[in-house]
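Both complexes shown next keep chain A, but they swap its partner, so chain B is in the first and chain C is in the second.
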Partner chain A sequence: MLSYHLQNALRSLRRNPILTALLVGGIALGISVSTAFVALRHMYQQDFLPGKSHRVLFVRLDSWTTDHAFNPEDPDSVPDQLTYRDARALLRSPVPRHQTPTFITRMFVHPDPKVSRPYQPDVRLCFSDLFDIFGMPFRFGGPWSKEADAKPEQVIVIDDATNQKLFGGGNSVGRTVRLEDRDFRVVGVLAPWRPPLRLFELERNPAGPPEPMYIPFNFVEPLQISSSGNSAGWQGVPIRTFEEWLASESVWVQYWVELPDDAAAGAYSDWLRAYIQEQKKLGRFPRPIRFRITTIAEMVEELHLMPDGVKAMSVVSLLFLAVCSVNLVGILLGKFLARVPEVSVRRALGASRAQIFWQHVIECELIGVLGGALGVLASLGILHLLAQYMRNGEALRLDGEMLLISLFLSLVAGLVAGLYPAWRICSVPPAMQLKVQ
Partner chain B sequence: MLEMSHIKKVYRTESIETHALEDLTLTVGAGEFVSVTGPSGSGKTTFLNVAGLLDTFDSGRYLLDGKDVSRLSDKEMSQIRNRTLGFIFQSFNLIPDLGVMDNVDVPLRYRGLPAGERRKRIDRALEMVGLSARKKHLPSQLSGGQQQRVAIARVLAGEPKLILADEPTGNLDSAMTREIMDLLERINAEGTTIVMVTHNPECAERAHRQLHVFDGRVIDVERPRVTLTC
Partner chain C sequence: MNIGPIVRAMRHNRTRVVLIVLEIGMTLAIVTNCINVILAEREKMGQPSGFDDDNIVWMLERPFTAEFKDQTFLGNIIPADLRAIAAVPGVRAAGNTSFQLWEGGGSSTRVRALDQKRDPVGTQRYYGTQDVLEALGTRIAEGRGFTEEDFRGPQGEAAAGPVAVISKALADDLFPDGKALGKTIGETASADGALDEPVRVIGVLETFYNPWGIGGGEPNALGFRGMFRPGGVASYARGIPYLIRTEPGAMSSVIAEVEKRLAAANPGRTFEFKRTDEKKERWFAGSKIVVTTMSCIIVALVAVTTLGLLGLTSLAVAERTRQIGTRRALGATRGAILRHFLLENWLLTTAGLLLGVFGAYALNFLLVSRVSDVKMDWRLVVGGMVLLWVSGLLSTVPAALRAATVSPSIATRSV
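== the complex of A and B ==
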């Protein structure tokens, strides 16, 4: 019966192309605007790491002073990063499947003079687990080994743009990049990868792109590398040497873990609690035991990363779609009621009220889907326009999930527009126009 | 086949009550060909609509093919219209943008028959009415008589037990009228019960039995005369 209803719906749409264009255009207008703004909101509320978002956690410990909380206005606040010594200590935990301390620095790159002049990009120090935790895609090679983490070896992962810039875009695995005064061997080249947010470090420049270069974290000590990002401290004593800096209570390292399963969150919390208690015995962590393990989505919420107005605009755009749909009710009602003679004949020949209802609902849904397809195409234009005004605009796109949402919205819009007209036409008494047709 | 007892049907507006059927009682046996005549407004079409489950009635009892149809759901009534009944209308009531074949297919679609079975029935019905060569034509490309034959083919394809015809020759010239009446007689001869409302006394006389409706009642029942000119 569905195919017959579809045939009838297509025949009905072909019967009056101008009216059909008007109906499809109405839905398309609403879908284009709503899809664009819902996509904008979706950019900040999507499942950033499909399948494991709830198991990838950002770790914070309250190692602050008793004088005041990290944020003096919020007594429950905890420092947004870890001290170097805590980051090192957390690596001992057996609970996470993957874990890495990480921070960024700036280092001079000395390319072949024929290719480029020296420049100073951001370089991220991390363990190779970072690539697994965030599912970073590789074009050539892959992450460095655990041995390279431990030693550390002079290995580097570069992004696609750097590979283009330094090596012309070919497979550069095995070639070297000179950082400061050392040669680092390329073990992996990332495929183009632009998450909507800078996932590793959401507190600083969250809309920015991921860093172009990655080297093992264990170079911190041999190369005496400091963070070029934020750091904060509370001790108020002068720090004279790099060793003092590493041993200080200054926080400047981010820490990420990926837990093996949902149940591991409890075990990891217990481990952190025990660690803080152990540190208390050593005279550290003077405040009450407090720590946070937070998903990316929770961080986005906590840091208010979604720009003001995005949520409101997405709601307004959905209301606009509703208005577009409701405006079509009258047109569809007129279109359907003009068909009373045909419906009377179909009723006389055995069509039930439900069959007439569904025939017309399916016609409305067909209008919805056609309008939705057109609207999605138009929304690409709107998104392109919006992207011009956003730092992370290149990450603004319609993914599979958004296309499904658009299809759903199209079907709902078709239903909103057609439900009442379909109900009216199926309620017409069957004998109404058989005599006068 | 059809048994109505004391059927009443009143149309009400804010100020007027119209008694369309007033204590209408009649019986039509299986295989009969009955004509129903009467002046305009006498209740013929209302009777046909009630008989065809296209309209409800206020009181009385109606047995169709032995089944009480007084309190059926819309779905049950639709199934009876689709499987037991066939309708032929004065103005043919073909769907204008469907071809001949697709028009004949409409009741079969609602019956949910498989495509092969539908195809067989359509071919057979169009052959019976002599329109096998016009399967792809639109109604607007056919004469009035041909359109009515398509409507009859639509009924035949459904193989109903009872055909309700409302002025089936009302829009046709005399030659076409004869052709359609011949066709109806043939169908009836094969065992299908026919109840035909008509204004044309000559057509009415070709039925086995004539009923006369006046003011919503069957007031006259008589045997047909022998000489038929229709």
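== the complex of A and C ==
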């Protein structure tokens, strides 16, 4: 029955190509705009780590002063990062499956003089767990070992662009990168990877790309590496040495955990609570016990990372689609009602009202889907234009979920446009028209 | 003209009535809200920083040789670099400073006046060498900028005690009586805490705006409050930052020449340049997308609605050809037929616009509760109504004219 209706619909669409073009074009116009801007919004609201988004958590502890909260205007605020000593202590927790403290610094790379002058990229310090937690894809090699974490060994993971720049893009595992005055052995080369947000560190430069280089966290102490990111403190005592800096209450380390299952969140909270209580006995953590373990999606919400304009534009673009479909109601009504004699004959020959109704709804949905397909193609153009103005434009694309949303929108648009005309045409009485003939 | 028959005729064509009212209403609601958002973004983009944005370039020296780890060396290289930069043709002024225009990041603190027990006020805080204000091209409203005297002390501070130049917004927030000059302020966490490093206010900047916050360009209070203190900024780990102000049009040649001369003087460093005009463009890229998109949507929307109305009125005339013929046969003039359709459409458009006004405010409420506080301006609503009144009327004219040409004899024919 469906194929019969489809054939009928196709025939009807072919009969008046100009009208069909107008109808399909109307839907396509609405779908192209709404798909592009819903995709823009989707970029900030997607499932960042499929399958485990709710188990990967950013950890913050309220280690601040009694004088005021981290943000003096918001008494509930907690520091955006951890102190070095807390980051070290949290590593003792047995609850998470994976966990890593992490921060960025800047280090000079001294390449072969024939390849490039020295340059100073961002370098992220982390445990090898970071690669697992964020599911970072490798082109060559892989994360470094637990032994390399512990020792630490002079190993490095570089991104695809760095591999292109330093080694011409080949398999560079085993070769060395000179950072400052030490040689680091390449153990892994990342495949091109550009999430829409800089997931490791959402508080700062959230739309930026992931760092090009990664080395073991335990180099902090032997190499006296300090953060080139944000740091904040409250003690007001001068810090003279690196040891004093590490022991201070300054916060500058991000901390991520991946829990084994949903139930572990409770156990991990208990562990953190116990840790803060234990620290209180040592005179630290003077404020009421407060900590936050938040998913990436919650951080995106809390930090208000989606630009305001994106929400406004997605709402307006959907309304635009609505106006486009409402506009088609009139045209479809005219088209269908011109067919009254034909329908009337078919009704007299035994077609039921439901059949007539479905035939026309299917015709509308066919218009919707055709317009939708065209609209999705056009939206690629709009997205391409948008991407040029955005720092994270590279990550702006239509994924499978987005295509499903577009298909759904096209079907709804087709239905909005065609439901009433189809209902009107199916209520044509069979005999009346015959009488006139 | 008699409205009664028109309204009664509408009752037989409820679909058309509903569609026209709905289309006009939705269009008005969306168009006014789009314009509203555009105006808000425009205002954001037009916010003056108070600095000579078009002619300032930020430069970061990143040293990689061991000598830069020595504090004395670092202290000496800043004046040497500044002299070398100043000698480049096309340079108006240069300063070594932690300040970066249109960056959204930076350094913030809370300050309070010495003789007042009030909650401290949040502000941005930056260090700079003697010519930093000249390099920014900012105007000083009261007092003075930095002089050599302010850098005489052993740590590079003023001999007569540390000083600061603050922005007008900060001065007004700290001293509502308007008398900030000569007062002592200092960093502190609370209304009665001790002042850390108290400084004397020697100057007030007329305009200061450096958007504060992550990503967006939302003007907030912290963006207008700033405090400059005398001091050099240099470290091996974070590099040595400069702001260079050039003569108009000399930017590119200055950048090339500065890099050449400094690299020749000491090759143990790399140089990164960020032009302020390009930074500003990136900063407002999002606003630009919003403005362009919303403008395109407005045009497309009005076009789609006008076409839709054109279609509906044509249908209305086509459906009623025989009735029109009958009326003409019964003595109605062409003008009467024309007036009938125009008036009918005028009534529908007006009804749609009333719905639209309601929708405009409802949508604004929806957007406002999600987006920043952009209140709907009633003048926009009125403007949108006039626009749609005109386009609604225009889209009726072709069909109405066609209706007027229907000949009375049509009534006597059976189609």
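Criterion: the second predicted complex is superposed on the first by the 434 of 437 C-alpha atoms of A that agree within 3 Å, B and C clash if a C-alpha of one lies under 4 Å from a C-alpha of the other, contacts with A are read in each partner's own complex, and residues count from 1 in each chain.
The rule is short, and it goes like this: a contact is a pair of C-beta atoms (placed from the backbone, for glycine too) under 8 Å apart; a residue touches a chain by one contact, two chains touch by 3 or more.
This is a predicted model, so every value here is computed, not measured.
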Considering only touches as defined above, state whether A:R346 meets chain B (first), chain C (second), both or neither.
-> first
With the two complexes superposed on chain A, say which partner A:P429 touches: chain B (first), chain C (second), both, or neither.
-> first
Check the residue A:Q355 against both partner chains and state whether it touches chain B (first), chain C (second), both, or neither.
-> first
Please indicate which partner A:A312 is in contact with in the superposed arrangement: first for chain B, second for chain C, both, or neither.
-> second
Which partner reaches more residues of chain A, chain B or chain C?
-> C
Does the superposition put A:F320 against chain B (first), chain C (second), both, or neither?
-> second
Contact residues on chain B for chain A in the complex?
-> 45, 49, 52, 54-55, 74-75, 78-79, 81-83, 87, 89-91, 93-95, 97-98, 106-107, 109-112, 154, 158, 166
Residues of chain A touching chain B in their complex?
-> 1, 4, 11, 15, 341-342, 344-355, 429-431, 434-437
Provide the residue numbers of chain C that touch chain A in the complex, in ascending order.
-> 15-16, 19, 22-23, 26-27, 29-30, 33-34, 37, 41, 62, 64, 105, 110, 122, 189-190, 193, 196, 214-216, 218, 237-239, 270, 282, 285-290, 293-294, 297, 300-301, 304-305, 307-308, 311-312, 315, 318, 363, 366-367, 370-372
Please name which positions on chain A make contact with chain C in the complex.
-> 26, 29, 33, 37, 65, 67-68, 72, 105-106, 108, 110, 117-120, 180, 203-204, 206-207, 226, 228, 234, 236, 303-305, 307-309, 311-313, 315-317, 319-320, 322-324, 326-331, 333-334, 386, 389-391, 420, 424
